[in-house]
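The data blocks that follow each hold one structure.
Each of the next two complexes has chain A plus one other chain: chain B in the first, chain C in the second.
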Partner chain A sequence: MRRLVSADALRVLVPAMSLAVLLGAVFYLQPRTMSYTGLNLLFNLAVPIALATLAQMLIMAVNDLDLSMGAFVSFAACVTATFLQSAPLLGLLILAAAVAVYAGLGVIIHLRNLPAIVVTLGMSFVWSGLAVLILPSPGGAAPEWIRAIMTVRPPFAPMAIVASVLIAVIAHLIVMRSSLGVVLRGVGGNRRSVERAGWSVVRVRAMTYALAAVFAILAGISLVGLTTAADANIAMRYTLLSIAGVILGGGEFVGGRVSPIGAVIGALTLTLAASFLSFLRISPDWQIGAQGAILILVLAIRLVLNRRENKEKRA
Partner chain B sequence: MKFTQMLLASAAIAAAAIPTATFAQTEDARIALSNNYAGNSWRQAMLTSWETVTAPAVDEGIVAAADAFTTAENQATEQAAQIQNLILQGYDAIVVNAASPTALNGAVREACDAGVTVVSFDGVVTEPCAWRIAVDFQQMGRDQVAYLAQRLPDGGNLLEIRGLAGVFVDDEIHAGITAGVEANSQFDVVGSVNGDWAQDVAQRAVAGLLPSLPEIDGVVTQGGDGYGAAQAIEAAGRDIPIIIMGNRQDEMAWWRDQRDANGYETISLSIAPGVSTLAFWVAQQILAGEEVPQDLVVPFLTVTQDTLDEALETTPEGGVANVEYSLEDAQAVIAAAQ
Partner chain C sequence: MTALSRMPWIWSFLAAGIVWVITLMFTGGASIVGLTQATLTFAAFSVIVGTGQMFVITLGPGNIDLSIPATMTLAGTVALKLMGGDSGLIVPGFLVAIAIGLGVGVANYALIKLLRIPPIIATLAMSFIIQSAAIWSNRGLRIRPPEILGDFAIGSVLGVPNVAILALVVTVLAYVALEKSLYGRWILAIGQNIRAARMAGIPVDGVRCGTYVLCAVLASLGGYFLASFSGGAALNMGAEYLLMSIAVVVIGGTSVAGGDSNVPGIWGASLFMFLVVSMLNTYGFDAGFRMIMTGLIIIGVIVTAGGRTVRF
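Let's turn to the complex of A and B:
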């Protein structure tokens, strides 16, 4: 029995190494980024992406996929820039109702045995519609407190880094250490056995969806804190970014195999990859392709390592 | 070597932060264009104009660099990240065509705080520290109805083709058209579709709506959708109403063919893509220390029956009628606003 690194550690190690390599490359290309302000500018827009990625990761932990993530974060951003700013109580009420709707979705998907992809795709139009209703033309204003949080300048490390670490630690405690976390990953891994052990899978799923909604709402709020105003289409790209972030961070589509720390690192890596390509001055026509190439490269490395690990296990 | 580079970079940042009382020259200044979208003929012409005007300016040493950056996905969050990257790359001014008037405000604020001049045009930003070169899109809507009122004194039924839902330009032109129709009560808007400023989308949308519509006397548009509307109406075998065009080459070519065949008359108006070059010169003027008001207005480009042939001659196939601006034009626009 000789194992250098555990499977879980490896799950985080590969994304962390990719992030480190990319960061080194960015520092080399643009030394200006190697400062307090530089790091903040490089990473502050990764904070909402990290939160959305964690929300997506929770959904993926129970073997589902949320295609309404971008629309829902946009909706949350619109609520933040309007109701939460002018009538905080009503704003909180709307957001709480949104969480309840998410929990309800979890229940419906479970009870009717519906494919989550279809349900969430349908819901994405609902959230988009609501966002346009709330904010027909771009505007609104960020509540003072969230603007203050997102522009705070803590000592030693910039806000973007402190926030990312904090978010990763909290998510890790919830998903990897709490009993709810264990059960929800169990539902993804082996639903039957969780059921036989006496847990209500419906309840776990509802709570997972509700928790995901909470993270997605936090993503919307923090995004408005950065942009100062909202727009009904503000976070549309978060749907695919969040899925890519989870996979890049060591998560898998099925089996309840997810890693919260990895997901945050995945989100940071995606953001950094875009900056890296921009510093390289790659033409925009090639940028999406190049971003895809980076993704495939990281996944290929992970696959090779996984295979080697499996071999060692068998040996 | 790397260390000296870093020293130089930090010295440059420090120098940029010190306000100089003397009249600053711009030969060392670097200007970046942050563009959110390049997927239609208008934007392609905009980027080409930028290239044609800035390349000689760089060669003559008026500025040190004028690089264009386009985001891949036309998303506000992506453009915000792009602007933050441009700050890190040490540009002195960023010229922005924004994906959203509000969602970039945070990044624009960061740029201003870092001492970078931000000039927005076409898709302008609302952040007060930035400059805005705006088109009066509402006027564009009102002018369309005013032209129709002059052609059709008895009024009639109008079909409105709108742009991309939720985008500021669409709301503005629509507001202008609505105001125009209110002022000219002989007109009724009997139908409205989203053409997304694209011929194919407009054609599909109009074809889908036509069967449910009464006789149409006029079509008010937003540019990029007139030709598609004409195709759909022709295919349905209806009489061609007066379709307001949007300066696209295919629209103007269709108009010319119709004019030659049966004396068809209309008008065409849109913002010239060369407005990017106006923004470039305005940024240069600000860097040179000139007093420039934060809000500037650029006139839109109108093609009439008389100027149609001339406009078609200078517009490339698949392109948009265009004008490029010179330093003198920019100075005139600035003087007009003061």
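Let's turn to the complex of A and C:
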């Protein structure tokens, strides 16, 4: 029993079980969701949340925290619904510049030894401001191609699930299997030893931030693909959702201990929690509160399971 | 220069002063009294909740209270509902607001301690529940505060707004607690090295719990007076204080890594934050541009004033 699951596997196993239990509860409450269309509706908004959660996870892997995630995804969504739709080249340029800004933030935070929380807090104003300038009132239109991708109906499983699995696998390959992934988790774990091993920490941090920006932009693009329009506040709740998703998925704030697969599962769990509550017919007043309660419950379960695992290890 | 580096709060005051002068230059000094009073009033609320956040952040990396806005809203809503505009119930209303703060603080720390949830997630989950409670208790109607209380909240003594005086009292108490009391030494020690603090026999759990309670109580105090000041509680009244409470603490020179806090800096940073907004308003920029400028100014201040060396 002891050797059956490694610590890394457990990190993913517990979130996966929470998701399975929640899904089971939803199926029990509303059997009609146990279908292609039902699942599609349940996980409809999961893809952008999963991408934003992965972006947050990358930042958390180097011991930072991005409080501008929601504002940045909203900004990316606004660019997608305007420039990327009407002038694709200009749109791509703007998004590329945004990635460069993120890389620059990584450099400034590293060189000046600044708290990432505060810098990203300031940046959240900047991104929101830019988003308001681009789209003063809700509107815009989704580019045809992204609309087509997001509404494609693959056989067997709905798009949201296929895409989530695909995203999880790609992120897993980048973060857990590539050399950049190893070094960036190393920076979170022990920055000095990575430095002494001859790596440039500032470069790794810049690349991590740039990579996070790419994931966040994809979140914005996919969100517009689903909603077909954007507004400057479209993704503001993603800041807190993405942090919660990473934690639910077994990630930790320090030490470079993150799990891309877990993060995607965490994002799916959060998406499902909202549907679950509406099936429970909880009064709308308490919907948000119940979401908080679910978060607490899942973390409590994780604590119990982790404790049991630790006991078995010791035995 | 060494004397200056020992006073990181000086930068926030300097920045606030510069913005104040620039704004007055634009208006030709016409609104000097109005601008100063408005700044003091609005900064006061940031100071009250920011002080609580500062104590929590001082506890060390990862300690942060995201439930401040929800606590403010719930305290303001329930207190105003209980008072129902009756001046005789001002004291009970106040006590209920404080009791809400006590409850939220204890619940926050219970989650952190018993479930070993990182504070950021614990207070976030808690804030969802508190916000729901506020929505449930609010139920539409906007109840006006009792007249005496409302007059107090918008009134002033010798030109100094009452809420600013209140915030000053909070600041002085916080300064004494932090610099002159055993409790203050304890939180600084915990923030610098929790393990060493525990081995030195400091009641770590008690101090941390007390700090989260203190932060929630200050948030409910802020909510009580903010609701009275604005003539009624609204469900989104605390929203802007989430980022504000963190921003004023850090711009004020408190270390995000914990164990090093700065009480005067909160005043400088709060004045600065409000002045920036009113300066950009005076110059007539539109909303988007104003936000971009606010963000860039925050980052600019951090880049110039921050960047201290990290202890290893």
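By our rule, the second predicted complex is superposed on the first by the 304 of 315 C-alpha atoms of A that agree within 3 Å, B and C clash if a C-alpha of one lies under 4 Å from a C-alpha of the other, contacts with A are read in each partner's own complex, and residues count from 1 in each chain.
As a convention for this text, a contact is a pair of C-beta atoms (placed from the backbone, for glycine too) under 8 Å apart; a residue touches a chain by one contact, two chains touch by 3 or more.
In this text the structure is predicted, and so the values were computed from the model without any measurement.
Asker: Considering only the touch criterion stated at the top, classify A:P88 as touching first (chain B), second (chain C), both, or neither.
Answerer: neither
Asker: Answer with first, second, both or neither: which of chain B and chain C does A:P154 touch in the superposed model?
Answerer: Neither: A:P154 stays clear of chain B and chain C.
Asker: Once the structures are superposed on A, label A:I234 by its partner contacts, choosing first (chain B), second (chain C), both or neither.
Answerer: After superposition on chain A, A:I234 lies in contact with chain B alone.
Asker: In the superposed arrangement, which partner chain does A:V132 touch: chain B (first), chain C (second), both, or neither?
Answerer: both
Asker: Have a look at where A:L295 lands relative to chain B and chain C in the superposition and call it first, second, both or neither.
Answerer: Only chain C; A:L295 stays clear of chain B.
Asker: Between chain B and chain C, whom does A:L41 touch in the aligned arrangement: first, second, both, or neither?
Answerer: first
Asker: On the A-aligned overlay, A:G24 touches which partner chain: chain B = first, chain C = second, or both, or neither?
Answerer: neither
Asker: Tell me which partner A:Q287 touches in the superposition: chain B (first), chain C (second), both or neither.
Answerer: Once the two structures are laid over each other on A, A:Q287 reaches both partners.
Asker: Kindly list the residues of chain A that each of chain B and chain C touches, one partner per complex.
Answerer: 132, 136, 232, 285, 287-288, 291
Asker: Where on chain A is chain B touching in the complex?
Answerer: Where chain A meets chain B, its residues are 30-34, 37-38, 41-42, 44-45, 48, 132, 136-140, 223, 226-238, 271, 274-275, 278-279, 281, 284-285, 287-288, 291.
Asker: Considering the complex alone, what residue numbers of chain A touch chain C?
Answerer: Touching chain C from chain A are residues 65, 67, 108, 112-115, 117-119, 121-133, 136, 232, 240, 243-244, 247, 252-254, 283, 285-293, 295-296, 299-300, 303.
Asker: In their shared complex, at which residues does chain B touch chain A?
Answerer: By the definition above, chain B touches chain A via 2, 5-6, 9, 13, 38, 67, 69-73, 75-78, 80-82, 84-85, 87-90, 100-107, 109-110, 114, 126-127, 165-166, 168, 171.
Asker: Would you pull the chain C residues touching chain A in the complex into a rising list?
Answerer: 61-62, 64, 66, 111, 115-118, 120-122, 124-133, 135-136, 243, 246-247, 250-251, 256-257, 287-299, 302-303, 306-310
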